[in-house]
Amino acid sequence: MTSKDNVGTMIDALSPNAMPLFSKLVDFIKNECRPAEDEFEEKLEGFKIIPEILLTLQRRAKELGIWNLFMTHVHHITVHDYGLMSEQMGTSFLAAYATNCAAPDTGNMEVLHDFGTPAQKQRYLNPLMEGSMRSAFLMTEPDVASSDARNVCTEFKKETRNGVEGYVISGRKWWSTGAEDPRCGVFIVMGRVVDKGEMSKYHTMLVVPAQSLGITLVRSLTVFGYDDAPFGHAEISLEDVWVSQEDALLSSEGCGFKIAQSRLGPGRIHHCMRAIGLARRCFEIMVERMLTRKVFGKEMARHGMSQEKIADCKSDLDCARAIVLLCADKIDRIGAKAARGDISMIKYAVPDFVLRIVDKAMQVHGGMGMCEDTMLPRAYSYVRTLRIADGPDEVHKMVVAREECKAALKRMGVEVGAATRSKL
Amino acid sequence: MTSKDNVGTMIDALSPNAMPLFSKLVDFIKNECRPAEDEFEEKLEGFKIIPEILLTLQRRAKELGIWNLFMTHVHHITVHDYGLMSEQMGTSFLAAYATNCAAPDTGNMEVLHDFGTPAQKQRYLNPLMEGSMRSAFLMTEPDVASSDARNVCTEFKKETRNGVEGYVISGRKWWSTGAEDPRCGVFIVMGRVVDKGEMSKYHTMLVVPAQSLGITLVRSLTVFGYDDAPFGHAEISLEDVWVSQEDALLSSEGCGFKIAQSRLGPGRIHHCMRAIGLARRCFEIMVERMLTRKVFGKEMARHGMSQEKIADCKSDLDCARAIVLLCADKIDRIGAKAARGDISMIKYAVPDFVLRIVDKAMQVHGGMGMCEDTMLPRAYSYVRTLRIADGPDEVHKMVVAREECKAALKRMGVEVGAATRSKL
Amino acid sequence: MTSKDNVGTMIDALSPNAMPLFSKLVDFIKNECRPAEDEFEEKLEGFKIIPEILLTLQRRAKELGIWNLFMTHVHHITVHDYGLMSEQMGTSFLAAYATNCAAPDTGNMEVLHDFGTPAQKQRYLNPLMEGSMRSAFLMTEPDVASSDARNVCTEFKKETRNGVEGYVISGRKWWSTGAEDPRCGVFIVMGRVVDKGEMSKYHTMLVVPAQSLGITLVRSLTVFGYDDAPFGHAEISLEDVWVSQEDALLSSEGCGFKIAQSRLGPGRIHHCMRAIGLARRCFEIMVERMLTRKVFGKEMARHGMSQEKIADCKSDLDCARAIVLLCADKIDRIGAKAARGDISMIKYAVPDFVLRIVDKAMQVHGGMGMCEDTMLPRAYSYVRTLRIADGPDEVHKMVVAREECKAALKRMGVEVGAATRSKL
Amino acid sequence: MTSKDNVGTMIDALSPNAMPLFSKLVDFIKNECRPAEDEFEEKLEGFKIIPEILLTLQRRAKELGIWNLFMTHVHHITVHDYGLMSEQMGTSFLAAYATNCAAPDTGNMEVLHDFGTPAQKQRYLNPLMEGSMRSAFLMTEPDVASSDARNVCTEFKKETRNGVEGYVISGRKWWSTGAEDPRCGVFIVMGRVVDKGEMSKYHTMLVVPAQSLGITLVRSLTVFGYDDAPFGHAEISLEDVWVSQEDALLSSEGCGFKIAQSRLGPGRIHHCMRAIGLARRCFEIMVERMLTRKVFGKEMARHGMSQEKIADCKSDLDCARAIVLLCADKIDRIGAKAARGDISMIKYAVPDFVLRIVDKAMQVHGGMGMCEDTMLPRAYSYVRTLRIADGPDEVHKMVVAREECKAALKRMGVEVGAATRSKL
């Protein structure tokens, strides 16, 4: 991709602070990350090690100052700026890791930054910011419908041990991305406090060392057959894991949802823009293949059915990109909370566009598009999970419908009381 | 619609000159155009008259200075500004007529402004700008596939009469929108010069008085049963219509395509944004209906299938809107010619989004959505024609595919010679 | 269409009794109905008269014995046989009228046959069977969501006049197809009995002479822009219309729903198969156009985008056809009630397939496909109403979901009590 | 699935010979194959061994006489009968292997049966029929666009060694399914004879022992992230592999395409029906999940968006099933060659329907639907390859378009010469 393609419209305009960072990032991805992909793959040994090449890339990114870019306030850049950077990162699967901008660390660092105690920051945030530690976010549970997050029911039983107040954690979590990374040092865990036998209806978050007694990594989950080593998606059992309140409690009891929400807004911009960067790469290799492969006497690109595919991909890509960058801009102007309707909208709309593109690219590549010779099936499987992770499409559609109904009621001059709203 | 909804993102930002015009336009449409719609419909008598209420609206718009806004250079506004205005106009079918911004006059005025002789401007452009005359554009022919415009074959036979050089026009045109308006005074006609029995391979445009001898209005075409009176879509026969070269020739012989192209760029922004404004109105009445109609014990809005419809409409609308306004912005920055790929893209992508919205709104309205009690079926039929008019989807998809292939070849480092390009 | 195309599979096999009728029908439509279409259109004068050519066709059909074929038990043919005949009828808009097989008369005749008193049969059924009278079905009301038919609220107030027990009807109905036909003699009206000021929660049907005092034809509804003269869709006001119970009551009070249901099963087969016949005709003219129209140097049929359209239409058509004929076969074997899940399924699935086909055919015809030069836009508008009439898609999807859930519960070994079922 | 669901329509009717086989097969799959799935998975050790449980199932199937059912003429059953059996097999991934009905052996056995010499039958067909040997079909090549099979270019260079006429095979093949099965004993290889330095334009097929000198298994291809052990999809290098003409030549030189075609007709019925059986299983677990999982206060099955999914799956499933079984019936009546248009149609239409169903089932299962806890992602990846294997959708759409154009030309009365046909 050349940034040239999209120069010319307002959504491509970076703020002054972002420009030099963006240039360095583009060069770094093009000249260092993408060429390193094959070596990284070859050196993989399951979850045992992190191939050295990634650590090298991390050192380079740090030197270049393109490190922790997701901390937009540190770099004095906007969410929109970082959206454009995320798109670039999406074009190489190593880029987000290399620049310490990969999920779930980004969200976890934000949470620790905003809600952590000085001790928690010292112990976890600093090494995470350095890239020497990684983290996981333990939210979803196999036994409940986590699409309605209120169902989460891991127990934090209040219990004083050796005179220290604390919690005994019991529960089972899964889809804990990054938990298997050998560098993973900390888990942020969602659950509900149980006090005197009664479970609170509000959720709480605890920060728990990954190696605590009672934590067992049950298995590595696969996604369409991929184990996504060396980072992985773990199923984790927590049995009788005791932590002290002082060490572990994030913010205060019952604040779990508030904290969870705070992770989500900008995070969805990042996810969507990376998916769009990935889609762009798939689109590009699709067109390139069409130009170099002959069938029935002429290049694929000259067949009508191919042309229709190109045209459809182009509009899908541009639509996806436009609504996400505009949503980022909205967050910059009015904040993530006020923009929540738009954030939910991109959450369901973008993966759909991106999957259509990746699917067409697979089709055009024939047998090669099904196997490890391209990144296409892995891209498909990754983006497919985005329709489920962080709330399935259906939930976000409900949110958008509710927002639109509220706007309509207002337009119609109907007073919207809490009762009416809650029923929508 | 309140403009409030979209305040907050960059594509909604008007340039300073546009702001007061936009405000006046919004008020005018809301307070004068929409309330006048019913009266206009009731007073219609086929193609015989223009209901007085429209003429009143025109006088008002002129007074307010929101007149000929499409002439962006006159008002020192951008194509993007005018895009936002077109969206507003799309919310009332009277608005474009009331502000002298309706097709095909807009394109015809641009053509006369850019290519007309002083005499042509005097005779036609001035009354068109005043709104006292209307015009038609005679391009498409029933007997050839006009999707490939090179097929157009109306003859302009060179013939000197009474010592004056001129052309004898013979041909048949259709889909000449506005030709039946009682005020229609001039036709711009596309054809090919025949000199000494040989037809030129290049096209030429002539300006022809609507009442010239030899011109017959064969019939009014209907669109899904609508005759679109009092403006209409005419099939027109031209037999032995003589015009002098001096009076009629636009620019010079063989320049027809160049002129036709010049009409299209901004024109497509207008069409798309009006369609989007229309879609917004349909979306709004859909949600309002859902909030006020009960089925199976609760408001439609509280049924899951309705919520999914709302969410899908919302993302469709936002996508359509974003890509068109960004395309307008691109035209402002690099010109319509360089943005032709984007212009083709919105041409096929937007009607598809809009039709999906209108179709859902019809479904939600049940029997009422099929008949004259809402503007929905008329909206559907109007937008459906946009997939054909000014080049069908298929042609624009070919254009986009070609542009993307060229970009890919460049990226791949392949020299793109004329031969290769022409084969794509 | 030649029946040849589909010979070879089991769904095309007619029962022995049906074969000679089918052959005669095919020839009649091909040689008499389709050639008569233009004359019928030309002779139309709104709702004033029925063009003579239709009456001639009716006489011919009666002579040929292809009359009232929908009365399958009379002809000793199956619902499946009649499905294949309906498909043929769909290929000419005159065929169903010519053979006295047009809605709503077919359903009304079935109702009168099954539930009418001897006097009702004498007065209404006989002339309807003869084709000398037509009828309308007054069900839907403008002021309620008729998709939930329980909302229908026309009042039948019990009132004895001149010592005769009867009902005073008050209400407003719309979408009463055929009510404007000059031959229309009878209405079947759905409503609820009001006795001593209390409205029954069960519905009742009355047979009412079309010319009764108090009945006013308020207006002709259009579908898109078509008024469908000379048959039409009427909005009808019923004010203080008194009928005697003996003359008017169908079956008994409170049986309205039972009667309404009985109309629907086979009727949906008819509607779907006629739509499929229509789709086949659209598909055929699409391919023929592609073979005779050149764009960009070759026949449209040789362009890849056209080929994809043909292939998609073909599979859409075959799918639609297969599920309807199999549903008809199921009705023959286990009855309409047991097949209600399948009947609901074809009700939403078929119009969707057919609309896709008609839409592609319109696109391929360009401007010609939008206007009266083909039957395409009229076909589109007609089929579009099928997604709403007799229950919108959404309601039928709920029915199918409920049936599938019941089957799953049974498979899972869960006892399905009435309570559980009612909540699905 | 209970066969009960579909009893009642003609496409479910088995011929008398098929009935007892079908019953036994249904019971065998339900009571023996499905319960064995978990053990099979647990005992897998890559490509090293075939878990004993499969061999046990094979013995059982042989005892029961439900063995080699694809050899329809042996069992005196129809292609349609076997279609219904294939649907059942699709509901357990072990069933086709257990009954010796798995691809590519089925096609290979047919080829050997129809074209093999007595010696070839003795050496290969017999053990394949016994289930003691497996086979692979080496067609597709990584370096050419195999969607146009004429591009296949493996060389069979004529060379006499030790006085015996033979061929030296050189080429590279991939997507050779089953080649890694430890029991694989024979490859059928497509290529072109090279005689005196000149490559024939016609293709030839050779039967080659899997362990021949010069054959190297380069790698196991993955599909998405699955290696499909213990059967696998291999990339295979053939270098200087000499075989004698007498041993290896199938039929005669230049007959490769004719033989390849013969494999395809019924084979596509098998593939499609197995995919449909698989879709049915996915659909069933989707509905069951919806009935047992609560979100936002009620079972998923009671949410409107879920109901719409169920309804859409149901019609997709029924459409897919109907067109394939009717196509099978057509093959039974007029032969695979005459039914080739229908065979191509099901080839592109069915995977599309099935993928929609599997995708919805994944979505409903949330995180569980992405990982190994259900067969859903594996089902998706398997069915996705069907859009590419044996000719991609695009090629089959071209075939159908050509057939429809020919039918249209005939209908239009145009003589279709070879020249015209070839250009379609």
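Per-chain numbering from 1; labels A, B, C and D assigned in written order.
In this section, a contact is a pair of C-beta atoms (placed from the backbone, for glycine too) under 8 Å apart; a residue touches a chain by one contact, two chains touch by 3 or more.
All of these numbers come straight from a predicted model, not from anything done at the bench.
Separation of chain A from chain C in touch steps, taking the shortest path, is 1.
Each chain's centre was taken as the mean of its CA atoms, and the one lying most distant from chain A is C. Chain centres here are Cα means. That of chain A falls 38 Å from that of chain D. Mean C-alpha positions place chain A and chain B at a centre distance of 42 Å. Residue positions 303-308, 394, 397 of chain D each touch two or more of the other chains. Looking at the complex, you find that chain A touches chain B at residues 2, 5, 8-11, 284, 287-288, 290-291, 301-302, 304, 306-308, 310-312, 314-315, 318-320, 322-323, 326-327, 329-330, 333-334, 339, 341-342, 345, 348-349, 394, 396-398, 400-402, 404-405, 407-409, 411-412, 423-424.
Contacts from chain B toward chain C in the complex involve residues 140, 142, 145-148, 151, 174-175, 221-227, 233, 293-296, 300, 303, 305, 362-363, 366-372, 377-378, 380-381, 384-385, 387-389, 392-394, 397. Chain C contributes residues 303-308 to its touches with chain A in the complex.
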